[in-house]
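You will see two complexes here that share subunit A, one where it goes with subunit B and one where it goes with subunit C.
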Partner chain A sequence: MNSAWRIAREEWRYWLRSKTATAVGVAAILLIATSLVTNYLRIDAERDARQQLQAVAEETFRNQPARHPHRMVHYGHYVFRTPAPLAIADPGVDPYTGTVMFLEGHKQNTATFAPGYTQALTGPLATLSPALVYQLLVPLLLIVMGFASLAREREARTDQLVYTMSVSPTTLWLGKSAALAVLAMILSMPLAGITALAWLGGESVVISFVFWLGYALYLLCWVLMITAGSVWQRRASSALLVLLASWLLLGVLLPRVASSAAEASLPLQSNVRNNLEIAKALRDAGDGHNSADPAFNKLRAQLLAQYDVEKIEELPVNYRGIIAEAAEKKQTEIINRFARRRVDQELAQASAANRFNLLSPYLALKSFSITTANTNLEQHHQFLRDAETLRFSFVQQLNKLHATELAYVDDAKRSIDASSEQRARIDPQHWRMLDGFESERPGVTARLTTALPNLAILVLWILAAAFAGQRGAMRTAQQTNG
Partner chain B sequence: MNSPSPNKVLSATNLTVNRGGQQVLNAVNFSVAKGEIFALLGGNGAGKSTTLLTFLGFIKPTNGSAQVNGATVHSDVKAVHRQVAYLPEAANLYAHLNAWENLDYFLSLAQVDNSRESINAALDTVGLASGARVRQLETYSKGMRQKVGIALAILRDAPILFLDEPTSGLDPVAIDEFNAIIVGLAERGTTVLMVTHDVYGACRVARNIGLLQKGQMVGHFAASGDEQISADEVHRMFAEHHKA
Partner chain C sequence: MGSFVLEGRYALRERSVVLSLALTLLVACWAVIAGALETHKQHAEISWILEATQADKATVLAGQSDAGGAAYGMHHVTYEPPTPLAFAAIGTREDLPWQHWLTMLALEGQIYEADIGNPELSRVGRLDYAFLVSVLLPLVLILLLYDLDSRERRDGRYELLAATNASPRNPLLAKAGARTGLLFLSTSIPFAIVAVIENVAVLLWASVIVISALHLLFWLLVCRFVTHRTAEAPTAATALLACWLLFTIALPATARMLAEATVVIPAGGEILLEQREKVNDAWDLPKPVTMTSFIASHPEWEAQARVTQPFDWKWYFAFQQVGDEFIAPQSNALQAGIARRDRLMGWASLLSPPLATERWLTHLAGTNRSHHQRYMACVRKFHASLRHFHYPMLFGQQAFSPAVMAGLPSYKPCSDRLSGS
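Coming up: the complex of A and B.
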């Protein structure tokens, strides 16, 4: 083991004396620092902005003057998705899914204002997050640093002399791997720093540590793949080519293939067609604004029978409010049915893409990262569900006010009679129905349970790369004279 | 051919190596006694370096065996490496390190004394100027690199020394200095196996010479008494086989 560390120290001395290594080190520091600082500042600013906007939206709703409750249903309300603490490291799907939703009666709007739309104008690396840097660019830098670690010795035949010092081929490979692993761990320290910031920002200490651990394992996996690539190739140049091709395959091509295969095997229904189907289903369910809609004849008959009256004007409740409430319930059921179908399709597609995780440590880490950081698709769906729960709750509270606080006669005449219109308004104290919105986030155990299979895939890749490296070392020692 | 002797340190018995579908060594036999300098002579592609690399355990014989102190090399390569110092043809040391750093690194790997005093003493022995010792090896001539390689072999204090074309590219003065060091080491009991195509250099230092041609041992010459092996005789046989 001492010899392995001595070899590792020697590799470091080589790097420190090499201009290429210095240039790569500077590039690594710049990339990591830029991504950490810019992403941290952006997410931190967004979190503050969304929290403030959420408070402003709630305050604006509460401060509305006396109005007809149904006008408040359409006045609506905004909810904002606050970034998860670990979004400073991995914003996940947030830049693409939208973070703001307008909530109103009879409609389930989509989330809007995805920062990615505007950032797309500044190029493909506009969302240069720490996650992207560590998932794709740091392995590239490690390749540049380590591709020649063993191939260089073999080309210069210095490995022969090393072996005659009673150093085994496995020890030489271990030493080179240790040198690169130490570099990888040093490069992972800024990430450890940002996960500590996430912890200070409210994230669990276990999750923060596991998040860093996943990235550390991923980098270790690349370290072992790089030294394995270097030991199996006769020439440093061919080792570089093989490793760059592997990087391209595992980090660029396979992810593209995975998502294309998932899209092709489980295509999502287009939004236009989806919306047309929803509109038709809602039409069939009846118009809650129209108390004469035949869709509500049965309900009217039930109410008349229940209160033993002959006309809706004689009901002790406002028939229009009852209709609005019933229609909203029916329409929400329809909307939710379509939403569930959409969510199921999206999850099935994501699950199909995730089947490729075993084939690429990059894909496994990506899934692990967004799951642990709470910035995955499931969390976006949770935001949509929570927003819908809030929407349905406040709309129905308004409909209940409509049914109980307004006389039917005033309500019916409010568009033709000014005094009725005045009486069809209710006191603004009723608007104090909104509390601070916060989307539910899965707990530590749930996230760890979901992330564990991808962590296991990374461990498998580490074992496979270590096996390949060790076998390669033994093989090349037998052919060391080329 | 040499007959096996009880004090033999190195022995090749029917040593055969096939590589890439070609027979590189064909039933080669020889042995080297303790404190003896044995030179394997031959032209390019004769199988000299392959023989050396087989003794170092880097090539596995297809048939026969290479033995060091009675133990088959491939049964315990590490044990062989503990007894061997090796000087490759190009003195393959690290170009980004200076002489002192190179020696310190290799000696620490071999877990032998790597104090500055002992390293300086060895560099004094091989005659490497003090001023050159702190310069990176990329600025060295081949002769200077060879000196560092020999210093390493001396510092290893190994009972067996393998040399691959040790005087190739050296000037006559450097060759003389090198030969003196090798002979000195042999006199102190070091067993030396060198491969070379330098007939005259080999005859000046070796007590036994084997002539390899196309993987076969085609001749053997031994010095008698204080007389050196006749370089002319070796040269003649070398030329005959080369023409054949």
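Coming up: the complex of A and C.
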């Protein structure tokens, strides 16, 4: 073991003397620091802005004057999606999903204003988030540092010298891997710092640690793949070729193949098409604005029988309000059926793309990262569901007020008679019904459970790379001896 | 020319070269075919939507007895069809909306759709021809060229080559050029085949090929410049990777940070909130207040602007219009800001050939930022034409009838010199 550490120390000494290593170090520091700082500032500013706007939206709703309750149904409310604490490390789908959603009666609007809508377009890879830097660029830098670690010794035949000092090939390989692993761990420290910030920002300590651990395992996986590549190739330059080609395949090409394949095999229906289908389904269910709609005949007969009266004017409740409430319930069921279909389609696509995770540690880590950070598709769907729950709750509260607080006669004449219109308004104290909006986040255990398969894939890759590296070390030693 | 062909033949004897070229060819085929399938899917989606909207409008209209109800109940669809070349560069069609579902109500509340595709897949991005040319090809080229000089040096042939070559200052230029040419062919041929099948104008696809060639030429020169001066293959490779990182990621990312920091734009959420206040306040304001603001921009309706009932459709649509007009300065500032950021990125692309390539390709394919903004402007124009069509009926100058409603405008994509085939 001691000699492995000695070899690792020597490798470090070699790096400290080399100009390439210095350049790589500077590049790594610059990339990591820039990505951490800019992403932190961006997410922090977004969070502040969205929370502030959320407060403004709630305040203005509360401060509305006396009105007809159905006016408030259409006045509506806005909810803003606040990024999860770990979004400062991996913003996930945040730039591609709407940040604000308008909630009103009879309609489920989509989230609007995705951050990507206003950003300067830079081409496909130049969004420097810490996630991208650690997932793609740090492995690249590790390749540059480590591709020659074993191949170099063999090219210069210095490995023979080491073996004569009763150092086994496995130890040499282990030492070189340890040197690179230490470098990887040092590079992962800023990430540990940012996860600590996320912890201070309200993330669970277990999740923050596991998030870092996932990245550490991923980098370790690359370290072992690099030393394995270096040990199996006869020349340093061909080791570099193989490693770069692997990086290109695993990190750049395969993810896009996976997502294109998912998109082509399970096409997503456009929102406009969904809207058209919803409109048709809603038409068949009856219009809540029109109390004469035949769709409500049964409800009307039932109410008349229940209160034992002849005409709807004689009902102790406002028939229009009752209709509005019943219609909203029915419409919401229909709308939610379509919303669930859309969610299912998106999830099916995502899981089709995730089927490739076993083929690339990059893909496994990418999925692990967004599920653990809570910046994945499911979290966006959770936001949509929570917004819908809030929408339905305040709209139905308003419809209840419509049924109980207003007289049917005034309500029916309010569009043509000014004094009825005045009487068909209710006190603004009723607008104090919103108690803030916070999208629910899955708990620690739930997230760990979903993260586990991807962590297992990383461990598998680590074992495979270690096995290949050790085998390669033994083989080359035999070859040169024999 | 002869030496190029000869060098090409030599290159094809090397296993790693053949493997790289075959893989590139495979990826190129995948990219252009997947792109073509996607545009076909979008065309099919558009025809389905147009037909369904027609039926939807007819159904809604059949149940209406007045112009206001008809205007309120009907939905219209706007869309931007993919250009024939869009298969090569999906660009903004991946994550910015290219279709809208609108009513006559205030437009500002409806136009900022997001959630266009699956965000988890949009995040990964597409493997289209533009990505292949601007990001992947330089890397493959680096892998093909980084050890040309050092190999000759190692085998002791370099001096001989330099002495006998036609261009002694850069004796491996023909060899490198032949490899670049092969790489170029492995992507351009699949692209050209699909371009011809998709009826892309010859000038257009030829421009794409020229841009791709120029981009490869740039990287050929970078490779020659670096490897010619570096004795060791690994050092050369490291330097070339650094160049790739600089041009493909570092420069565009820095430019983006600068562009977004210098051009401040109004927050979208604020636009929505303020617009809603303006529209909803009208319910509680005296009617003449709203109508006066409306008349200010529509003096032709002054004589008909008196509202006598608590609810009147003309007043309802007037305050929708007033709400849009109120927020127009912020809305325009938002669009201007987005355009300015894009222009700054245009300047930045002078320093980054990969970014320039991507921008040129999306420009030719009609999938860049300014094209998307033109679509949004076209949507606004259409919405204005809807209002223009309905106002005579709402203000009582024209009677509501099926005959009049038959003239209802329907959306036509704004013509663009690039969108024709």
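Convention: the second predicted complex is superposed on the first by the 472 of 482 C-alpha atoms of A that agree within 3 Å, B and C clash if a C-alpha of one lies under 4 Å from a C-alpha of the other, contacts with A are read in each partner's own complex, and residues count from 1 in each chain.
Following the convention adopted for this analysis, contacts are C-beta pairs under 8 Å (C-beta built on N, C-alpha and C of every residue); 3 or more make two chains touch, one makes a residue touch a chain.
Please read these numbers as outputs of a predicted model, since none were measured by experiment.
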Touching partner for A:376 - first (subunit B), second (subunit C), both, neither: second
More subunit A residues in contact - subunit B or subunit C: C
First (subunit B), second (subunit C), both or neither touched by A:3: first
Which of subunit B and subunit C A:161 touches, first, second, both or neither: first
Touched partner set for A:264, first subunit B, second subunit C, both or neither: second
Which superposed partner A:17 touches (first subunit B, second subunit C, both, neither): first
First (subunit B), second (subunit C), both or neither touched by A:252: second
Touch list for subunit B against partner subunit A, complex: 49-50, 53, 56-60, 78, 81-82, 84-86, 88, 90, 92-97, 101, 105-111, 152
Touching residues (chain side subunit A, partner subunit B) in the complex: 2-3, 6-7, 10, 13-14, 17-18, 156-158, 160-168, 477-481
Residues of subunit A that touch subunit C when the two form their complex: 20, 23-24, 27, 31, 34, 38, 49-50, 53, 56-57, 60, 65, 67, 71, 74-76, 78, 80, 92-93, 95-100, 102, 110-114, 116-128, 137, 140, 144, 147-148, 236-237, 240-241, 244-245, 248, 252-253, 255-260, 262-264, 267-268, 270-273, 275-276, 279-280, 283, 346, 349-350, 353, 370, 376-377, 380, 414-418, 420-421
Subunit A-facing residues of subunit C, complex: 16, 20, 27, 30, 34, 37-38, 41, 45, 48-49, 52-53, 56, 59, 75, 77, 79, 92, 95-96, 99-101, 109, 112-127, 131, 134-136, 139-140, 142-143, 146-147, 150-151, 233-235, 237-238, 241-242, 245, 248-250, 252-253, 255-257, 259-260, 265, 267-270, 272-273, 276-277, 280, 283-284, 309-311, 334, 337-338, 341-342, 344-345, 354-355, 358-359, 368-369
